[in-house]
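Think of it as A, B, C and D in the order they're written, each chain with its own count starting at 1.
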């Protein structure tokens, strides 16, 4: 079962725009800044006076839209786009979003970031009633629920459907007349509204996408909210009152771009603060602080600043990233051939190193990096992690491994330290992380979902109830 | 004329290996770490018991070698590879290296990093004598000179030819029996020898390529040296005694990867020292220091460390780099749509910024970044450049613009400051740069070619003598 | 409306196989011989112990399956395949068959040759009930009807669904346990069963596909029959008793390959007989008989043999056919630049020609060929058509134009003769065609649908009732 | 050695045009009609006011020029094009023509149909003198000879070079100011001049290329002639007086398109006459005559007409030809799976067949076809070949196998008949073929090279002298 669960989890990015003469082009640039949220596939649906056009494919955005024509055929004043996270095995074009549905009474495009916890039950029920699904994504479920709804209006049907799906979701829907954006009742996933200089409204997974298109940030979408955008502007309604803020902590720690703000908190700044906190909680004397590029550089510079130990570039990441690479054979790997990350011998040789990373999942990457540093002559490697140990899976839209695979689920910090070959290892505390991020929403979650660290899931798990048990076996 | 000069200049990367059962695969991983030196095209020639095989094409390495078969057909125990820098307009497969020449009496592969100053004269002379060239690269000239030579041995012919070509060059030649590496008499371009765990010898443009394949650095190739590698090991001869060290300063400032060492100096460390030097020479009070990613981060952290001003991530570079992108239209650009670089509003808003960059060429990029920062709310932007003003073109292998296009050729620092919209602007001094890099070779150049800053070219310019005059018009 | 009707009509080819270790490979070779029935796209679904795999794409079969891996991943002992006819405008991968449907309770693949007359009504009804369609092909309707059926077994559901769809259809369905083949109650489209040397059963649109894979022809599928193939052999049931034979006459005249047999009649032989009949009905004295390649060569040789006039190669067709070609500009066309068909000046110059063609649709092709022959020096061109004038559209699966576009709908034979520039023009009579084909089924149709010639449609037209009226305006 | 000889031999097509505003487009359409002469690769070089542009690649013409842009970038009023025959193993882009040479004093494009007999000697001599070759085609030799020539003018150099190369050749050269066409002293290969309606001059390998572009045939190029075309019209000079007509008989028998005329003789008509001759020389009673598509259909219809035996379509060739196909495995082949050719069971079953083919090379194809016919129920298969037995290789430009591989070199007609499984086998006599083709040039060859049949080569063989001996071993 664990494999299937893994396959269902995904982190993605969505972008929508209404009322811009080059809507699909703006969507392209917005999505480009969200590429870190998904590299398996990308797509855009445009709306040209009520006619919807789609272009989507496997690959990075620049591969999917490799020619000007790919965008030029997506005419119209409105668009929604999607970048999809790649989980091996289920990579096929049928799963690439946005989905475009054509009915005798109109067309609808749908894009989704998140993961439903009751998708399988809903899907089986729908299939028993004669429904035919065309992807193995859980996104399609919402459209079936909309079409089955007995409400009168599209908005009514949509609200009814949103109350049936459970889990984490940020949905964008583009119809012939409107752009809709909906967020789950816990605000697990980020979603923000902005406005361009020409007045066009945009909705995006992260505020970095607003920045790159020159848009002003208006507000974040709140839990249980439904945003409706059309030519008369935007209005915000709710589809449920049973809401709270439990934003995914991993967005701050790892996923989001450092230049994005979530709930008003800049991600780089939160990470730097967590590095400072870490320096206070887990100081060690050394010659230099280095970060694991790219996501840990902010935390590392925070640790350095707080501790007064110099911040150095001890690891270099090859910046030429392709989706697929020819990999070294086992023999070559044993000879020391590597691809992505290099230790800087000229910097680390003979030095005592504090290596700051954002998190440890299975421990293999950490072990490899510690080894890299030692092979390049580092005298000591002290690992400091700017988040607490990961002990529980996520069911709301990120591909964190099952409990079994999480090294911290089965091992003490001391054991992990030995397994990764570090001279010492310490994690940031839960309180430290919460304070560093600094949200101030209501209890019990005060704004953050920390379930991966403490197993405290803000919702029932429905189809995944068994997973926690199974993982314990 | 200026356009043609630009077209001829190029910075590339070379990699060679002898005596490894998976030679072409190792070459692939070595070249991947040299990808920053050239993104237009790539190729590898392998040597399988005297038979030479080639695969080369336009594109990034991962595009050129997109399938395992592409490498598997390059069987053999030896290989040379090349990544080529893209200068617009002359992009065609005929120019992608290594070149493979088949003769009735044997085959030779040739790869070249650098630029000749007398290529046009030599080529015209050779064509007058009946020679036929197949590329418009100056690399082919060497092979014609070798074939025309009346010496008895291949080595003798090669040495004679090396004495005829002038300028900057690092050549790799693979014959059926040997791998040759030759460096120009000024050592303009870097070139290092290493040895793998299995005993295989490798030669590469930068030491980072030795690191990623787990090879030990043996020594750098010196000016006027010819390295000869075969099954009995490697020997080093010279083809001329008229040599000196004048390593291209731009390799330290901008081109080389921070984890490489050149002449024993680590590039990151040299850059960080130049940042510290800059903080001493050109201090200004501010709230934070930020670097322009990626090449200026080392200098920026040096400036921060020396000045005691916090180092922050004020600019973010999109890490998903493709060779070609759909570009924003002029209209979208005016609305503020950007692609590669974003200012981090949450960090810079309301702050006084010291923005450290490695160099200013035409000034357009600097102006754009200063504007980005101001649009994102920066109160002041003080630009500090970790190298002296660029005033002269380079003829030894890097694509620095003609004098006319160099903003510092025609304008004072004060004028440039106004043009880029900065609140203040200062450059590192020549002495400061030399000291920061810290080479200790003999006078007059003490190891560094600084011609772009002071016009003091270490060699005659041959075909380019007129360029300096013309540019002055 | 006419454009939409055109888009819905299509001629395709289907192929199914059960119980062969290389099922998908055999399907590939079978489909290759059916490529003349559809060039827009192709696909195969295989069944490997109950798991269904699909590969399909736009393009010719050899383009869709361009690498051995494309077939090798379609493992299993059973397969269905499809080649699709290209009608401009609706060319997108979502419409390429076979469709593969995955349900929680099993998977089904579906391939269809034909056209339904009540697809739009059924689809709208289904959508009103919440159904979501993913293609704009009418094929998907059958699967929705199956899933909605309240019958107990798959076979029961399928039979119920087959009684709801109207028009022309040859369906192949592949489930985890069985291969089903169903033919419409009028046997409009051909469908034959064969057996390979290893015992495997195959079903194909034409017998030529049986020949190329070395299979023996067992029998043709009859109207209203449902063939069920599994590991225990094949059985034939009926889903309706309300049947008759009204095989599409155009299969004999134009569509089918000359080496196929339909209802026991060889297509080449039928065409040759129609040529002979034509020579008797419409003799004219001349120097030679020529056929329009490739479909009219059989009729032309029949005309020559009967009349005693020599059969010559007066027209040559370029055999290098791609799906898409760069087309001559209007200017070049006026200078006489052509692509596909050439007149043989050395043969026709100064000669009186009888040009035999299979049919005239809009008249433009005939006019162009007559002109070609005259420009190459033909003294006289007498056009003889081996079928009656086309006056009515087809609604059962072939893309014959609407009435308006059919030249014979609005013009007398004499008028057409003038319009195409021929010296004389005659058509084969309806009786002549029926006799030449020589089927012997029961009245009223005696085996042949001749509706395009006489408007006598063997079924009600449902959604297309209006078309005949509209076309008369 | 035999393998290498095979690799060097090739049949190609050339096309040149001067003075047409859409020169490269016309070249494209002309080359499309010459596609049967070469399917490995294609290319066009255009001349736009002295600037030469090239586009060439592996593949069929429609693959190489797949987008309008591919032609649109080839601007200019003149062009030369080439289609290349594919011999396995040497398929690489460097060998695809036209070759484009850029010199400091001008550019030249070169296209070649034929094979030189002294290419290797010339090449080795040139390499010893320092020349560098970039393809393994023998075409490049001519350009080296031109550049080495001490004559004053390009025309003078070209004539000198043409006197140094030996064998069969039709060359097209495009310079900045002129289009040159040259034919070898024996006129082995066909080459014709035509004029378009707008006055543009064209030169093409076959007259079918003149027909498809609406050009009038002016004259064929004669042996030893050099055609010079520029804005002032065309002039014809000779570069040698030592000439005779010995046109390759295989052009009439197999290679050329039936609608082409060579030396005033229509190819279809020559083939039909050879079929009639064959019927007289080798009559046999049977139920029908069938031809092997496509090249033997003319001869078959001639045999039928002369003998009075009906001409039927007993074999069908799949018209969807791609360069590469997935091939049946050995197992499938044994089950009877085939790709290209099908016997028509409905026609041949129970019948006595006369199967007419144009030639027998290794006998494997004939054996396969006889077997196909018998498996489809043919009672008797009498094979009649419309040319004499092939006993000797060709060195002038067609890829006829070495003596060893030619079945008629080692076996009597009786033996061959047994080997191919025919009920009887007869070949056309040499005299019969000569008479059927009907050329009337001077003795000794009276216009035809028949060396493959009788070993009487019209020239010395130079580098290939040994081949005949070696083949006899």
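A few remarks follow.
Everything that follows uses one rule, which is that contacts are C-beta pairs under 8 Å (C-beta built on N, C-alpha and C of every residue); 3 or more make two chains touch, one makes a residue touch a chain.
Chain-to-protein mapping (UniProt): A, B, C, D = Amidophosphoribosyltransferase.
The structure presented is a predicted model; accordingly, all values stated were derived computationally and were not measured.
Path length between chain B and chain C in the chain contact graph, taken as the least number of steps between touching chains: 2. With B-D and C-D as the two chain pairs, more C-beta contacts join C-D. Among the other chains, the CA centroid farthest from that of chain B is the one of C. If you average the CA atoms of chain C and of chain D, the two centres end up 36 Å from each other. The mean-CA centres of chain B and chain D are about 50 angstrom from one another, to the nearest whole unit. Annotation for chain D: no residues touch two or more other chains.
Contact annotation for chain pairs lists A-B, A-C, B-D, C-D, with touch applied as defined. Listing the residues of chain C that touch chain A in their complex gives 93, 101-105, 123-124, 127, 129-134, 136, 140, 143-144, 147-148. Chain B meets chain A in the complex at residues 22, 25-26, 28-29, 32-33, 35-36, 39, 60-63, 65-68, 70-71, 196-198, 208, 211-215, 257-261, 265-269, 272, 294, 297-298, 301, 305, 310-313, 316, 318-322, 324-326, 328-329, 331-332, 335-339, 342-347, 376.
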